[in-house]
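The next part holds the structures, each set out as structure tokens.
Shared between the two complexes below is chain A, which has chain B as its partner in the first and chain C in the second.
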Partner chain A sequence: MQRGSQARKYRLQGAGLDLALPYLMLAPGLTIVLGVLVYPLWDGLRASTRAYRYGSPVADVGLQNYLHLWSDAQFLNALWVTVKFVALSVSFEAVLGFALALFCLHEFRGIRLLRTVLIIPMVITPVVVAIVFRLIYASDAGMLTALSKAMGGGEVQILGNPLNAFIGLVALDVWEWTPLMFLILLAGLQSLPHEPFEAARVDGAGAWRVFADLTFPMMRPVLAVAIVLRTIDAFGTFDQVFVLTRGGPGEATRLISIYGYDTAFKFQQTGYAAALFVTIGLVVLALAFSAIRLLRRVDAS
Partner chain B sequence: MSNRLSRILTTVFVLAVVLLPIYWLVSTSLKSNREITQEGTLYPHVPTLDNYVRLFTEKQFGSYLTNSLVVTFFSVAIALIVGAMGAYAIARFRLPFAAERKVGLFLLTLRIIPPVVILIPVYLLMLSLGLLDSWLGLIATYTAFNVTFCVWMMESFFREIPVDLEEAAMVDGDSRFGAFRRITLPLAAPGLAATAIFAVLVTFNEFLFALALTATPRAMTMPRGTATLIGRIDTDWASMAAAGVIGALPIVFFALLVQRHLVRGLTMGAVK
Partner chain C sequence: MGSVVFKNVVKNFGALNVLRSLDLAVPDHKFLALLGPSGCGKTTALRILAGLDMPTAGKVFIGERDVTRLQPRDRDIAMVFQSYALYPQMTVADNIGYPLWIRGTPEAGRKAKIGEVAAILEIGHLLDRRPRQLSGGQRQRVALARAIVRDPAAFLMDEPLSNLDARLRLTMRGEIKRLCQRLSATTIYVTHDQVEALTMADLVAVMQGGELQQMAPPIEIYDRPANRFVATFVGNPPMNILPAALSEQGVTVATGIVPVDQTRLAACRLAEIVEIGLRPEDCSVAPPGEAGALQGEIYVVEPMGNETLVNVRLDGGNVQVRAGRDFRGVVGESIGVAFDPANACFFNSAGLTAVHRVNNNGRVT
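Moving on to the complex of A and B:
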């Protein structure tokens, strides 16, 4: 079967101009990608081995920029904040999204409204999501303060306090991206086979047994895909932090992307920032590929 | 009965969590700054549209909107055309050294790398080409990003279409490209639409590159303009809220209109 379709594909290729067709069809897209993405990627690698002054390279420094990263307390802090942010946000999103998907599995009135409304957070411009949360957190005009005052309390301080600001950022991410988890996991749940669940019901298994012995094990691959997708995405989070806290107060919400941006555009350390971003790119790629390998093994077993 | 009650309570709770923040944004945008800071009302007691009028008369939101529409339209349109051809080549042809599969994997790898990683060199590239603060610079950048996932998504759509139909067209005298254009492309239209919708969403919402590559209302997009505005007016909550509503309205409206096609793109093809 496999060989048959292969042969047919060769036959389809024909002769003359048709032989060059695949290359002609790939060429425009590849040209754009090579020019605007791949060349800059290579250029970034080159920049990462240089020292810059006022935006122009002044010396080759080899791997010094990369080595310097690991003794830079601000970089290490940004890395730690990012890891904390990603781990916390994605965990909450996975748990809440899974619970919500299980809840919505049974059709009932209002479910279409729920699904429609849940689309809103993830399609709103991230910059606007940050504005929404600034309006919630603001100590003078914010929703939390207004609610607190309506109940006889005082001003609520969120963005001025390091711990609260960090939690506030995680809450923003959870609000924005739990719906995505929910959609992926709901689709996964809906594609599970019915028979095992019928059998369990006949055997009189309780809801918790069904979940622990059937639903969860069968959902593990989908759950893994969803978590990997979100993790990769969360590592690059920038817009929301830039508008909500700009990394502050102090360094409490300064993610790696914000630190890199400031290093490049505020402090003009182009080479050092390039090394930082190359490192982050490698980390994310390593993460993605080990996740893909892991998933393949799960699929195979 | 209690089952039904808990179902209703959960639904109401979820709706409230999602919609209250949005209610607060809209309600703040309809208040005056005096009402916001001094009275702290829970809904606009004296609703006003002044905040919106000011955005367009004093703050150039008209230009931002135009720039966003132009940049989004061209970068999505070009990426779709170019991406559809590339995806078709990868889905249908077997090249020496499995080159087509390597190209596909390569584009996926580029898609995985966080965009912020190439921000600096792209900025330097546009600087050297004199394309900073221009439509063209943004269009080039966004087109390239869009191509990487357009190819990836559309490839799977083309694979779902049986080869036999094209073979039949070619037996009838169509060229290979003619069969692609007349048979496969129309059949893949729903998939192309899903891809286009997702591309529009991502492009319209993009902020990071707009931040680095544009500096004046000549080329600033909606998210970029909005962020600039609120950077300058730290306590003008009313304008900030109105800017948020205007910034989000077109894309939320668009998304709700096409929501059936949205899910596959948002999940990078993980969900059909």
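Moving on to the complex of A and C:
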């Protein structure tokens, strides 16, 4: 009977502290994100519409920087080199990674060790990889030259020859990043249900048909994600090239990132470099979006 | 063209012994139901026959051919998996047509065949869907369709009806039976549903704990079970088993004496039987105190519509009795149980059936 008098004080849902709490908890993180992500982005965008001299902005030029890009032969060449580099490296990595993943799916003695060894290149610092490759490629004391001499050949010119330097760069990237493809694709393969594969074997499919009719279609989404990831990443490749060739010989390995670096820090054209990177950023973003759209369509059909 | 033989097949998974020396011979064109409780090794046996697992020891033959080490695709079989195993990226039509497509059947023939089996299994309207857009029962029927679309040496079906509703299960049971008779292919049909096994099969093999208990035509499995396990596993409600003792006049069960004919009584004595098995339909309720009936009290009453199942508590244990649909009893009431000993089985201490029912021609085993 006395219940009413000792009524507890209830706090209502969706009012007072309940409403404010999420924002309070988000605030520190949000501040950091604003400071290190949003502000630089906005500053970069602003820089891309200005002309600089000796590191200080001297004039607002609107979209001039952006327009100028498309008549800059060096930019167009760098873009072309980058596209070639990305297409070649990523295709090789995808094919190699898929093949290795399929191979490592089988259970046999030593498979764990093999899987571990295969992902080592990925965990080595890129600059170190580049230095090691430079030692391999060096025309005087390099490993390739030593090998060639041992077999009675002459010096091997890698970094001095435009085509060879480009191939050497692709080889380095494939060596370093195939493990990532391998890892993603292996995880994808391991997550596939195994009954359909048994059914296919009973239904009369051989190894090739099982791959073409089951493995590949089922793996398509994973493969697409891995390729998109690697593509975006490869567009930004910088350190290996910087250490290995600095973009040379000539412009043979001058990727867009190296060209942008040169414009900004060698030629001090800060505004122009900003416009360049914004453009590349948009290209990569568009690429990623269209890839994901494509993926959705494939998935839905 | 497709008899199936297991010869001393043993299968171990590590230290786990799943099949212990399985011997099984299915004549050509026969429909064999492999019946047994969950985990007894039915799927394992089927997978060994399909070539998906290798036996630890022993040999497997299909149509006189030793297939023990052959690839699944070289065995000329079709299989329905317990987990359906449909191809997720393909439409239902492509799923069903896959075995034909792999064998290079031309488009027109394939389409006609797909339409035909889809009609039998009532999935014609689903042909354009993908497996993930189907219900469990629909998936199961697609898996079944994919198996029967071809004309193999043997069909292997692993509980192909387990996920269907009662009505569909009934119709599909009939359809599969008809189909297998029409194709007259050897069929190994795994199930733990004894009604399916008894109604569909030419032969029933009962397994338990990785061992074959009995293989015989359905009627014989029901009438002349080889041992206590088969007797209680087959039949619904299961056979009643009561301890029995031998006496001068006959066999003493609970408090009463069961009159058994002289020949069988002699056989019982010889075999030193310890238990009697009585099917519920051979028992009947009687007024309490009736002569010759066992006395007990009603434990549970289950009206089924067409009949009433009465569980009666006796001295030696409980028995299920089939009573008429108009049986009205109250739990706790005393009641008598009369039975016809002609169909009784007697088990010895090893659990084997020592003495069977009286045969139709009066012969005794």
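Just so it is clear, the second predicted complex is superposed on the first by the 283 of 301 C-alpha atoms of A that agree within 3 Å, B and C clash if a C-alpha of one lies under 4 Å from a C-alpha of the other, contacts with A are read in each partner's own complex, and residues count from 1 in each chain.
Keep in mind that, in the parts below, a contact is a pair of C-beta atoms (placed from the backbone, for glycine too) under 8 Å apart; a residue touches a chain by one contact, two chains touch by 3 or more.
This one's a predicted model, so the numbers in the text were calculated from it and none came from an experiment.
Novice: Following superposition onto chain A, is the placement of chain B relative to chain C best described as a clash or a fit?
Specialist: fit
Novice: Counting residues of chain A touched by each partner, does chain B or chain C come out ahead?
Specialist: Greater contact footprint in residues on chain A: B.
Novice: Identify the partner contact of A:217: answer first if only chain B is touched, second if only chain C is, both if each is, neither if none is.
Specialist: Second partner only, chain C.
Novice: With both complexes overlaid on chain A, does A:32 touch chain B (first), chain C (second), both or neither?
Specialist: Once the two structures are laid over each other on A, A:32 reaches chain B alone.
Novice: Under the stated touch criterion, which partner chain does A:202 make contact with: chain B (first), chain C (second), both, or neither?
Specialist: second
Novice: Taking the superposed arrangement, what is the smallest distance in Å from a C-alpha atom of chain B to one of chain C?
Specialist: 15
Novice: Which residues would you name on chain A as touching chain B in one complex and chain C in the other?
Specialist: none
Novice: So in the complex, which bits of chain B are touching chain A?
Specialist: For chain B paired with chain A, touching residues are 7-8, 10-11, 14-15, 17-22, 24-25, 28, 36-37, 40-42, 78, 82-83, 85-86, 88-90, 92-95, 100, 103, 107, 109-110, 112-125, 140-141, 143-145, 147-148, 151, 163, 166-167, 170, 175-177, 201, 204-205, 207-208, 211-212, 222-223, 226-227, 230, 237, 240-241, 243-244, 247-248, 251-252, 255-256, 259, 262-263, 266-268, 270-272.
Novice: In the complex of these two chains, what residues of chain A are touching chain C?
Specialist: By the definition above, chain A touches chain C via 193, 195-196, 198-206, 209, 213-214, 217-218.
Novice: Flag every residue of chain A that touches chain B in the complex, lowest number first.
Specialist: Answer in residue numbers: 5-6, 8-10, 12-14, 17-18, 21-23, 25-26, 28-30, 32-33, 35-41, 43-44, 47, 100, 103, 108, 110, 113-114, 116-128, 131-136, 138, 140-141, 143, 145-147, 149-150, 175, 179-180, 183-184, 187-188, 222, 225-226, 229, 232, 235-236, 238-239, 242-243, 257, 260-261, 264-265, 270, 273-274, 277-278, 280-281, 284-285, 288.
Novice: Okay, in this complex, where on chain C does chain A touch?
Specialist: Contact set of chain C toward chain A: 50-52, 71-73, 77-79, 81, 83-90, 98-99, 102-103, 146.
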